[in-house]
Structures are given as C-alpha cells and as structure tokens.
Amino acid sequence: MKKPVMTPTDAVADIPDGATVMISGFGGSGAPVETVHALIDQGARHLTIVNNNAGTGQIGLAALIREGRVDKVICSYPRTSDSRVFTEAYMSGRVELELVPQGTLSERMRAAGAGIPAFFTPTSVGTPLAEGKQQQEINGRMCVLENALHADFALVKADVADEYGNLTYRLTARNFGPSMMTAAKVTIAQVREVAPVGAIDPAHVVTPGVYTKRIALVEDAAQEEVLVRQGARYP
Amino acid sequence: MSWKDHRLTRNQMAWRAAQDVHDGAYVNLGIGMPVLCSAYVPEGRHVNYQSENGILGFGGPPPEGEEDFDLINASKGAITLAPGASIFHSADSFAMIRGAHLDIAMLGAFQVAPNGDLANWSTGEGGVPAVGGAMDLSAGAEAVRVLTTHVTKDDAPKLVAACALPLTGLQVVDRVYTDLAVVDVAEGRFHLRELVPGVSRDEIQALTGAPLAMDDVKPLEAPSL
Amino acid sequence: MSWKDHRLTRNQMAWRAAQDVHDGAYVNLGIGMPVLCSAYVPEGRHVNYQSENGILGFGGPPPEGEEDFDLINASKGAITLAPGASIFHSADSFAMIRGAHLDIAMLGAFQVAPNGDLANWSTGEGGVPAVGGAMDLSAGAEAVRVLTTHVTKDDAPKLVAACALPLTGLQVVDRVYTDLAVVDVAEGRFHLRELVPGVSRDEIQALTGAPLAMDDVKPLEAPSL
Amino acid sequence: MKKPVMTPTDAVADIPDGATVMISGFGGSGAPVETVHALIDQGARHLTIVNNNAGTGQIGLAALIREGRVDKVICSYPRTSDSRVFTEAYMSGRVELELVPQGTLSERMRAAGAGIPAFFTPTSVGTPLAEGKQQQEINGRMCVLENALHADFALVKADVADEYGNLTYRLTARNFGPSMMTAAKVTIAQVREVAPVGAIDPAHVVTPGVYTKRIALVEDAAQEEVLVRQGARYP
C-alpha cells in the first residue's frame, strides 16, 4: 500500500497538546531536525518526549524545550556538551525527567511494538532506578519488571523509503528509529528520498512498510550535529 | 614536582587500557574517555569495538574535515568503519550488551569501591543525572573496566571505601585505569598493579579512599600521546 | 442432490475470503487453506500478505518447476515475492503479529464457538498437537477470520455451541468462511451472511452446532476455481 | 576476529550426550541438513532439540529422531505432511514433546540472546499451554510469564559468512536462524560461501560476527524440502 508522502508541516499537523512523541536520534545522528522544527511551528504543548537525550544547542529538541512545549522527557542521557536548555528547564522544575537506562529504554519500545507488555531485566537492580518497581529472582538473579513504552506519534529519521514505506537507515543514524517505528500509533518517517516500489532489496529492508504511516520527504535534510557545531538556532 | 606533574593524559590512559584487550576481544567503549581506546589497538591484534548506538567494528576518528556525524561513537564523536563492521539498531545493540556477548565494557566512573561497586551516573541532588547505557553494560558485560582520573577536580579520591553516590552496578568492576595507576578490584580489595614513575606508594595511597594492596607493583608507562 | 454437491472447493473458499480483504490491508495467512488466499487478490486492490516465517509481501505459487523452497508460506508451499516485499526473522515476524500491526489473520479451525472461541491445534488425546503461530495470531491480529469446512469428515459440525477441543484463542473469531456459508461471529451468536445456492436454511442449520441468526442472507457464489 | 571454518563433521564433534541443540529451519527452508547429518554420524544421544517442527521424511531431524538420538523436542508444529517418524516416536512415548506457540518460541530464544530472563505475553492465555505458568494482569490484559530458552549448541543454515562470521541468509530461510545464533553457547553457521572481510555491507549484516563461533562450509548444500520430495533417506 502506498503511504502518503507529505511535508514535515503536514505530517505533524494533527499532533495534539499532551501527546507522547518519540523522536529518533543518538545525539544528532538520526535526529529528524526538520520534522521537529515543523512541530515547533505547529505549536503543540504539554508534550511528553521520548528520546535518548534531551536536546543539544538551540535547535531541534532543545528548541522545542526552550519554547516551553515539553512537560516531560523520557530519556537515558540528558547531559551533553551543550544541553543548557534542558538543564535550565529541569533545574527550574519546568520539565519532568524520567531517566531510563538506555538498553531498557530501547527494549521497552521494542516490547511495545512486539506486543510484549512487560519484561524482566537485570539492568538497574540495586540502584535507585529500580526503586518502586516489581522485582523477582529468575534463575538465581534478581530482575526488575519493565513495562512496554508506547507513544502517540514517532518522528523518525530514516534514509530511503520506497512508496510502500519500507525503510533503510544511514550508518549509525539507525539507532532508535526502527524500534520507535513499531511503538507509536502514528509514525512519521522523515526520509531523504522516496524510491519506487522494488528499489529496496527485500532482505535489506530495516523497517517493513507496515510500520510506516506517513512519509515526510526532506531531500536536503541537515545533520543536527553539524548545525549545533555551527551555532544554529531555531526558530 | 607534585604527583600532578606525573599524570597520564587522557589518550595515554586510553592507550594503557587498550593494551590489556586480548586478540579477538569484543569490547564496548562507553561515553567519555573509553571511546578514545578505539585509536589504540595493539599491533598484531584484532579487536572488535562495539558502541551502544549500534555498531560493531570501528576505528578511531577520521582525518579532520572528513567526519560523518551519522557514524559516531557513544560520545557522539565521529569514527571510522573497520573492515567487517556491522550496524544494527539500538534494541539489537543492547541485546548484544545485556545478553553477555561482549567480553569487556570500558566505562567512566565517579566512584569505584573495593567490592566492585560502580557509581557513574548521578552526582546526587542539584545536578542532571545521565545513565546512558552504563547500567546495561554493568549488568551484561563479562568484564567491566573503568577509565577515570584518580581523583576529582577537588582532589577527592574516586576509588573509595564505599560509593556515596547512587550506584550504577553492584560488584561489577574488575580493573581501573587512572591517570596515576592501574588498580585491580578483586576479593573485596583494591590491588595496585601499576604506578606512574615519580609518584610514591605513600602518595598514591593518600590519593585513594581505601587501602591499596601493593604486593606486585610495576611502573605504569605509556608513550607520549 | 445432497448439500455435499454444492460445497465450494478449497480455492473457492480462499477466493471468497480474499474478496473481503480491503485495499491496503496487512493480512497474515495461516497454515492450511488460508495460504491459498494469496493467489486471489481482488482486481484493483493492493493487499499485503504476511507469513509467520518472516515475509511481508508475497503472491501465489510460481509456475511448476520454478519453485524455490527457500521462499515459502506457512504451509511450506513455494510462493513468489511481491513488489515491495520485506523479509525478516521469526522473532521480528511475531513482533509484527503479536504487536497488533496486522489487520487480519486468516486461520484454519477444528471448532469455532458463537462467543468467538477458536480451537485449531489439538484433537485431544491420541494425536500429535501442533500449535504453530495460531495462538500468537489469535492474540495479536486486529481481526481473526477462519477458513474451514463446515463439518468434519464425519459430518460433525465445526461451528459448535462451545469448543470441546483445547482452545487456541478466546473470543477472537470475527467471521468464518466455510464450503457452504459465510458466518459472522458477533454478540455471542453466529450470523449466517451467505449460503451456497441449493442448500436450504434448514439444512445449514442442521449442519451447524449452534443457532444461526438468518436476518440477512445472500447467496454465496464463487467462480469456478 | 576470524572465525574457524570447518567441515560439518568437525563443527559438531564435541556435542555431548544430553546436549540441548537448536536447529534452524521452517520446514526445509533454512534447515542445515548436512550439519544435522554430521551430528547423526557423530552419535550423540539423549539430545533435546529445539526446532519449529519435528522433522519430515527420513532425513535431517527426522532421521536424528528415527536413529533414537532425541529424548525431547521443543517445537511449535510437529505435525507435517510427512512427519511419521516423530509421530511414531511420540505416540510410543520414546520422545517427549514441549509444545510452544511459535511466536513464544522465537521470542524465548530472542530473550535468551538478549539477556531478558523472562517476559510476559498474552499468547496462550486461557489455553492448556498456559497451565502451570505464572500469570499476571498487565494494563488490563492477562499475560503469562515465559522464560528465556537457551541452548548448548545451535546448528543454523545461513547463506554467506564473511571471515569474521558476519552472516546473511537467503530469502525466508532466515526464519529462526538469527535468534538461535544469539541463544546458544556454541553456534555453528552452515554457509554456502565464506567471503573475505568487507564483502558484506555493514548495513546488510543480519547476524553480527560476535554471535558466530564456528563456520561449517557446505558449498553445495541441499534444500531439505527438495530431498524430502525426492524420497531421500539418511544414512
């Protein structure tokens, strides 16, 4: 089935206030910065954002936080070389933080997409991040129960989509994208190119088209890390 | 001369840690100093470096100006693909990590205790915590080795009797590479294995927050880096 | 003429089931009769067939002699790649199934009950049970449709008041395509929607193990296949 | 690190009596029939076999069962068009069967490889296959707890290996192979070709080399389904 190819603006138009939105990327690698900027322009507020980090510099997720659109961030590593925006918002109490070990974060999203409502992991046992969670010893090792992490929307930077929404990713920009594409109700794949059906070898498809609800075509997408190093600011 | 004049550079610490990686090892390099290790594979050895963001098989940074920031390590620094590399998504990367398929995890630290406890994600109230993949790596890697300065910026020991900061992993650290020493963590004790020339045993003990066994201590030497 | 002379063939049943698949649907085809559906996509519609062994996007069998048994459906029959297909491993395939990403699962059945209960994996003591992916499909698909003969080889009803055989899924079946009828399963009842010409309402009720509501019954017709 | 390239005979030489052995394949697709035959020749007994099925015809897993080497089969679908060998062994009580829903089977192996000791799934709730298992309601839906499934050895048919053990698979012969490669202590990848390092695009690797312990090179491997249709018998 051919998936709708849209501008980032149209792709994010119906994200409501209060939505939970996954945003792909490990730092700037795989960050769909144009689609995040479209979300800033759109104006939705009180968002819960799921990302590995919490924004860098004055663009993308950092700008979304700076503009006061984010109530809560679920992430593993909010402290980066230039994460002043999040740090100020967090220290002043304007943004809530749910800190999740990175492997647990990606597994919780994978579980959401895979119909696994919860799983046991040894990660975090004996640390403050395990407090308040159900624990159980399995095969002699204490584990914590972690729940699937779902979202209303996912904004994911892929590389190439075919018209059916099959996706490939570029190098390590793959990171959280494939799991996020399975974990959100409405998934928006920002891609560099929309190729004809059949352009991607079936064995090389990373995200099968069933997971892709919308395609946001941005042919000349920026690399967020490069923008940050240039000192870019949005809007 | 103070002990401060004898400290290894960050690259020298990474070089030293890389010397202990055996041929054929699969090694995760964590955020911070550990990522520097990828540039220092010993001659004649093949080491498979893994990064949590989803790559197995990479080398040091490319020449300046040739960085591709879609190809990065855990510190978000540009890297190069090693021959025979593979790329996978984050959930598969942590399956590899948590599933105990990696021989060694190299991590940074705020504090390490003689029982192997590691604290490296939170400085407590008043800061922004950041755990990344450290808890998964602590839970999953066969061996956890730490790269850290021997003391904090305020000269407080980072090798301590018991971690005061929130824990990352319990009884996980095997060896610590500092800018002054190589310290094994075994049987509930710190064992000083190597010490930079120019720093005395009394000095290193004074900079360490728990007793250092010193049965067999060699000089800690690294090339200029 | 007996009701037996009016029965649809297996291919006609598959054809009929395929007519109800909407344009753009993602549809798993289970072992047995369901796999035949892939040959009968209605003109003008694009349907994405999925098979539990790890493929999304396939068509009917290739010409005889061109079979490649590394490219198969759930019944281990050779298939053809559809344009835009993707191939993935079993755990990813069942992530797609259990994660409710498929619109329809087409399954076989031993018994179906008016509450939607399905039994299709075990004939009880004395046989070899075989569940395959049916329980995952029952748990995960948005809609479960069943293809089955209306009665067993011994003419016993397969649409029954309550499943006597071990269950596959509870309250999951939406619609049943038999060789005599199309039956909806809703609000705890069987609803006869279509009936093959030549078989009376009394006859079909006699061949069914629970009451059939018959408010709006159309003829069940299929091309010769 | 270069992985040892061996004959199937050498690759299976140390499989002991009583071992748990995973064998890839969905029917004949992805079945490493030459390596299974090497295991028959080797003679190990009292094996527990994990496979999606339980053998067809008189070759491969069916022959292993016929020769009396298998105490237990863990599988989802032992009933096929020609599964007489298993049927007789099972009905006579010579082989024990642990029947597992196929998605639970693959997820249990994926969990073993991923360091997830157990997970909750709605699959099988309310059926006899859930009996005796820990159950818990999560988000309003009853689920069963399923444990990771590990093995001592895995015999997996891939397509191409590079010298570091990175693997690709052919079409739907991929099926259970990738998860089995993560779930067993000693993994044996039977491949058609060993390519030089660098021959596989890093983005197209399905099984990263870390999971491959041994490579069994069988250049002219048979397709098990074709052998069965020819009425082949081993030994």
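By written order: A, B, C and D. Residues from 1 in each chain.
Simple rule for what comes next: a residue touches a chain if its C-beta (ideal position, glycine included) is under 8 Å from a C-beta of that chain, and two chains touch if they have at least 3 such contacts.
This is a predicted model, so every value here is computed, not measured.
**Q** Considering only mean CA positions as chain centres, point out the chain farthest from chain C.
**A** So the chain farthest away from chain C turns out to be B.
**Q** Mind checking the centre-to-centre distance between chain A and chain D? Centres are C-alpha means, answer in whole Å.
**A** Chain centres of chain A and chain D, defined by C-alpha means, are spaced 34 Å apart.
**Q** Could you put a whole-Å number on the gap between the CA centroids of chain A and chain B?
**A** 28
**Q** Among all residues of chain D, which ones touch two or more of the remaining chains?
**A** Counting only residues that touch two or more other chains, chain D contributes 107, 110, 114-116, 121-122, 169, 171, 174, 202-203, 206.
**Q** List, in ascending order, every residue of chain C touching at least 2 other chains.
**A** 55, 87-88, 94-95, 97-98, 139-140
**Q** Taking the touch definition from the header, please name the shape of the chain graph: line, ring, star, complete or other.
**A** other
**Q** Who touches whom among the chains?
**A** Touching chain pairs, listed by label, are A-B, A-C, A-D, B-D, C-D.
**Q** Chain D touches which residues of chain B in the complex?
**A** 23-26, 46, 48, 50, 55-57, 81, 83-88, 94-102, 139-140
**Q** Quick check: in the complex, which residue numbers of chain C touch chain D?
**A** So the residues of chain C in touch with chain D come to 31, 51-55, 68-72, 76, 87-91, 93-95, 97-98, 122, 128-136, 138-140, 166-170.
**Q** Along chain A, where are the residues that touch chain B in the complex?
**A** Listed in rising order, the residues of chain A that touch chain B are 26-30, 52, 76-81, 83, 86-87, 90-91, 97, 99-104, 106-107, 109-110, 121-129, 169-179, 206, 223, 225-226.
**Q** Flag every residue of chain D that touches chain B in the complex, lowest number first.
**A** 1-2, 110, 112-116, 162-164, 166, 182, 197-198, 200, 202-203, 205, 208-211
**Q** Mind listing the chain A positions that touch chain D in their complex?
**A** 107, 111, 114-122, 138-139, 141, 143, 147, 168-169, 171, 174, 202-204, 206
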